[in-house]
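A short worksheet on the structure shown next.
Note that the chains take the letters A, B, C and D in the order they are written out, and that residue 1 is the start of every chain.
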Amino acid sequence: MATREEITDRCQALYDDLTFTAAREWKAAKDGRHVIGFMPMYVPRELIHAAGMMALGILGGGDNLEVIQGDAYYQSYICRIPRSTIELLLTDRLDFVDGMLFPSICDVIRNLSGMWKLLRPDVYSHYFDVPQNYDREVGGEFYIHELGVLKEDLKISGRKITDDDLRNSIALYNESRRLTRELYQFRADKPWLAPSSEVYLINRAGMLIPPEDHNQLIKDYIAAASEEDRPKRDNSRVVISGSFCEQPPLNLIKSIEMSGCYVVDDDYMLVNRWFTKEVPTDGDPLKALSYTFLEASVKMPSCFEPDEDNKGQFLVDSVRENNAEGVIFAATSFCDPALLERPILQDVLNDADIPHISFKYAENTGQMQPIREQAGTFADSIKLWS
Amino acid sequence: MTITVGIDVGTGAVKTVLFKIDGDDITWIDKQTDRVRNREPFVLAEAAFDYLLEKHGLTRDDIDYVATTGDAENIPYSTGHFYSMTTHARGALYLNPNARSLMDIGALNGKAISMNEQGKVLKYKMTSQCASGSGQFLENIARYLGIGQDEIGELSKQADNPEVSSGICAVLAETDVINMVSRSISSANILKGIHISMAGRLVKLLKSLKVTEGVVMCTGGLALDSGLVLALNEAMAKNKMDMPVVSHPDSIYAGAIGAAIWGAFRHGKLTQAETLAKAS
Amino acid sequence: MKCFIGIDLGSTTTKAVVMDENKEVIGRGITNSRSNYDTASAVAKQEAMIDTRFTLLHKKLDGYDKLKGNQEVFLHDLERNFRREQFVEQLDDLQNTCLRNAEGERFNTVRTDLTEVLSSVFDTLREESLALYAKGAKRKSDFFRDIAGGRFLTLSEDFSKQAGINYDYALNVYDKSIIEVENRPPAGNLEGKFFNGLNNLTKESPEFGITFEDVQGLVKSALAIELEETFVVGTGYGRVRLPFPKDHIRSEILCHGLGAHMMYKDTRTVLDIGGQDTKSIQIDKNGVVDNFQMNDRCAAGCGRYLGYIADEMNMGVHELGPIAMKATKVVKINSTCTVFAGAELRDRLALGEKREDILAGLHRSIVLRAMSIIARSGGIHDQFTFTGGVAKNEAAVKALRDLVKENYGDVTINIDPDSIYTGALGGSEFARRAVMEA
Amino acid sequence: MSAPIRKPSTDVQKDASMAKQKAMIDSNFDRLGNVKNSGEKVSYTFVPGNLNELIMCFDMVGNYPEINAIQNGLRKKSGGMIMEAEKWGHSEDVCTYVKTDIGMMRKGNIGPTGQPIPEPDILMLSYTGCYTFLKWFELLRHEYKCETAMLHVPYTGDGKITKSMVDYVVKQLKTEVIPKYEKISGVKFDIDRLRENLANSAKAEDDFVWVLESAKNKPSPIDAYFGGIYYIGPIFTAFRGTELAVDYYKTLRSEIEERIRKGQGPITPEGEMKNEKYRIVTEGPPNYTSMRDFWKMFYDEGAVVVASTYTKVGGTYDFGFRHDPSRPLESLAEYCMHCYTNRNLPERTRMLESYINDYEADGLLINSIKSCNSFAAGELMMMREVEKRTGKPAAFVETDLVDPRYFSAANVKNRLESYFQMIDQKRRAGA
């Protein structure tokens, strides 16, 4: 079995690879294989999988991509992920991708879907809308229709998706979500055994390789990491919120931990654990996906919360369930959904007496000093006052 | 009794203090500032450390806790590191027991911090993004105007018709200032304008912490700029925040002081734990 | 004679170009823009007029047999000697101003020492001026502030240390005085400086076989030609502040486009990196602007960025390029904010990166920003011309060549040593057209 | 703003529509200020995709936070409000419309005209064209704890409106919006009343489109950006569906017919535009805090805006859409989806292209707004496309709607001057 280092090295290599070699190789291994890219939010990967395709998460260019073209398309007050994604496209790093899905994240990503249509009129791209109305008869019906449209569109794979295909894929992703949750639980229980930077890399690998492969990888990691004896530090336990779309540089995640914080929950790459319960594998699979979306989705700023009393409660729950001592709001600069939501969440935390701090980052943030400063002060107060 | 050293490595200067602490009895023995000015800060820090020890007939072994703060996480001879908001809060409280919040005004960013009567950081807010309105910017403009750092405050207080620059970007704001000079706006009014915009930003930060009582302490490199302190008080009044903003001649030592005091505190905790461990 | 003048009032430097009726450039002048725009344009114009005198003298010397084809060298040496005269003149002015400013109250406690420090500094500077303007000597800048300032800082630090006073005092006196000196247009007596220079030259270089009296007459006659300011066109960032009527003002976009076209008639894309503006301009075969883009509200990645970095490293902005050229690798710099780049630089130094490698990264990051603006304006079309102050920086030019090649393949890249005058050149041509083609 | 320079005979008519417009907008503020006495219930909603005809069926008075922000911007009050919101913890990065509103609320909710803005009885989240709206009303709901009706309007990402989309919106109207309005207002929904209102809307829309298209004349009798802002006031807000609006657009139309007959250019705050030198199409909202300065930069150069996308934020009527009394709810659904920023980028690009061609414009000017990502993200792409397709040059300036910190006059003027001089130079070269 692979050692922990081997697993994390593999994930690090996947993370560093801006040409998506793993996905390219997967595609090249068999004739007729297709890859569908998607921006970091919920998309029904089950459909893509059932069509025999690979769902590839496009999470921007990180801090290693030199962005030239992307900056030519975006003003300075737009966040970074769309510009690095455009750079990936225009530097042919995505030339093997057979289609792109732009899920419902924000105005910027929504408009990016149109840019794709203008830049690559011959490649399939689609703005994938999800309902903000959670009534089965209203939003549910609409969503079933949207899923149906996507299912039709995915015929570009040359394969018709049967209900059984789809049920199998649902089962596979149920397993993936279960394992991801297990990984998170493992970290929450023993954060010194599963540093956040490693958990992040494992989670991120799930965006870049087929789910079967990734499921095994999570299992291997948990097994290897639990065997190890790593020193436990006098760190405080925090929950990260606001990082659901543009990803922080890995150094930032490391800096938070270095300055004395154990991350016990976060909202990185929520698609890996979007549903809080299993999607039924019997009955009409589109209905199953639609209703689970309506009734068991994670809470995040791009989705409307119909119940004011419930607004922000998810964060309090996470703090309680994970024995966290505070919340770090780490949002991307110029991220309207995260930054506009923040004052509400802060109110909710204040009411629950949960301490919190906040800062902004970009995927290419180079200066970690202010971040260490803030996370460090947070950890100090635990060190001195606990 | 505990002897501690606090070392604060900042962008502009290294501050070093020596303390003797016996429970609540805190004695400040000595202090030392070295402006960095393109020298290696860690070399300055170590030299100052040794200098203070030698001056007081001490050796490194005599020090119970060497506490660092600022950009000094990796100093090898340090016992422990505290982050600057933690130390500034404690330092401010030491300098003024009525302080319940502080504004730390450094070269690149400003911070507003609220704390309780024990010096625990409750909330904070930092400036970010762009550097116009930072201490560095003020320093650049003063140099451009041919005004010494220690002259800025008095000059700014003489302003009769301050000119506030609109610029969001420091470079563009600099051009605004050049334009002001070409329109014969006096240096006093230009500096006051910068003070006003800096004060506006800082008070905005403070206001968002929702502090309503106690004294607001100025710490950090610009705390001695009396013009800025005046502008801060004016901005407080304008925002209907009824708290005095004060500075202290030793405000620049706030971080180092806080580090030394927390070091002693932590030392106490650690020895206690050790004693307990031995006993059991 | 008729003179058509273009003045480009930039945020850091002001440039002037003098053109004659035959579309020939006969003079160029440059100065720091600093605080007084009127003075800056007057100084730049004056400098261009001095340069014009040299051109005129050149014409007079053309048929002068006694120099036997050494006219170019002779003129060059004469100009060098002239510049030294100018330098010493300004040095005297600076010294007097410094001494006057040292009278200020805040220097009460240190006055005696301070005055001594200042005197020692200026004595040294005057001595050094000989070497500075010696034959074959390289000067890092043409500006008085840069030449005198850099040395002043170093010398006064040393002398202050010897005198046991804080170096801040001398620094402060200098900061106060240099502005005053810069804002005073140089003194008139052109002929005096020409003659002194000539005198020095004949002593310094007997090998020309020329005596003072030999060329005195030619110089006199070159100086006697009446130069008429027929039409002046202002352009550049500060153009709105010039006391010119509207039809004497052109946007710097048009002027840069036209100027680049005059230097390279086949150029189609022009990049200008100025102090706080970066412009990418597309022009057609007649130098008419087709499209342009400029940086946005934030001055990230403009020339001033280098100024901040130089300040941060306590060196002259002209020294950055040569150091960066020594890099063995390019450190990635992500901060686009001019001021925060300084913080990132410190971060990298603290992490043990080498200064030259970081500087190489900073240069690349400036050019990256420029590449985005070029892309915004429609990319690079052969031929490509790079102008502006940053075009003199070899490390920036290298980064540009690399990036142009990476992104656009093999493209002819034009960089004229006088490219900083591009805008003023375009302006002078507009001035000429306003009169000659009206 | 100071009064335009008046010229006795012709401008009296102009003033008639201007005065009428102002009186209408003011009357809504009066009505809002008076709810304590009148007992009217208050509904907050947004401009794009607003359901004014429907809200009127419940005898409720509409408050438009965006309009308040604009009016506060024009009155130079927004800067302080934004600062206020930032003091309360809002990020410097986010939309300043929201922050102006939150800041106004924090400062006691006194509206731009000095009258109090009443608290909402219901927040109508006509969620169109912008995710920020969603957050905005969640913030208000968090504050007021009042009833909130959410209407999710699907984005036309593939450039078309499908039956499923229409059904979805209609169902939401039936199950979410109408029941909540009935509950809050105590008024039973009457579909015939809605039909009547929609019929009025369609009438006004015809005249409104005529007004916008009058800019095809040379010289253009209107400025379709700066002037257009006044023309859209009634139809984009509380008056669409009223007879007042029908009347206003009729008056406006006859004034403009008169101007065309006389060959006159638009009226600007600096006086009548005498010499139409440049015909420009604009993309993006204007800047409200320095609108007069901004407009003057156009006036000084003889530039007239002949078509703008901003006047389509509340509906793209000039591309054929009309409210239809015979399909009341369906037509409301389609209206919402037809708003400019709910259209995908290829569609928006096509619109701009057609404006340049149909209005015989000299070029495209994009005023990119820091606050509005719906507009701004992708504008540089559209700019390139439009340049490529029309061969006409484009220029790009950056400001903000209501944040005075983002209007750098020297910067904008420099770009505009350069742009107009470039067009001029090209023209001369071509001649």
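The criterion applied here is as follows: contacts are C-beta pairs under 8 Å (C-beta built on N, C-alpha and C of every residue); 3 or more make two chains touch, one makes a residue touch a chain.
Small disclaimer: the values here were computed from a predicted structure and weren't measured.
Q: Decide which interface, B-D or A-B, involves more C-beta pairs in contact, and give its chain pair.
A: A-B
Q: Quick check: how many Å separate the C-alpha centres of chain A and chain B?
A: Distance between chain centres: 39 Å.
Q: Averaging over Cα atoms per chain, report the distance between chain C and chain D in Å.
A: Each chain's C-alpha centroid was found; their separation is 49 Å.
Q: CA centre of chain A versus CA centre of chain C: separation in Å?
A: So the centre of chain A lies 52 Å away from the centre of chain C.
Q: If you look at chain D, which of its residues touch at least two other chains?
A: In chain D, the residues touching two or more other chains are 88-89, 380, 398, 406, 408, 411.
Q: Please output the residue numbers of chain A that touch at least 2 other chains, ranges allowed.
A: Residues 72-73, 75, 333, 360, 369 of chain A touch two or more partner chains.
Q: Which parts of chain B, given as residue numbers and ranges, touch two or more other chains?
A: 71, 128-129, 168, 172 - these are the residues of chain B that touch more than one other chain.
Q: Think of each chain as a node with edges to the chains it touches; is that a line, ring, star, complete or other?
A: complete
Q: Sort out for me which residues of chain A touch chain C in the complex.
A: Residues in contact with chain C: 63-64, 66-73, 75-76, 364-369.
Q: Okay, in this complex, where on chain B does chain D touch?
A: 128-129, 166-168, 172, 200, 204, 207-208, 239
Q: Taking the touch rule as given, give the residues of chain C at its contact with chain A in the complex, in rising order.
A: Against chain A, the touching part of chain C is residues 296-298, 300, 332-336, 340, 343-344, 347, 368-369, 371-376, 403, 407.
Q: Note which residues of chain A are touching chain B in the complex, please.
A: Touching chain B: residues 259, 333, 357, 359-360, 369-370, 372-374, 376-377, 379-381, 383-385 of chain A.
Q: If you look only at chain B, which of its residues touch chain C in the complex?
A: 11, 37-38, 71, 108, 129-132, 134, 136-137, 140, 143-151, 168-172, 174-175, 178-179, 181-182
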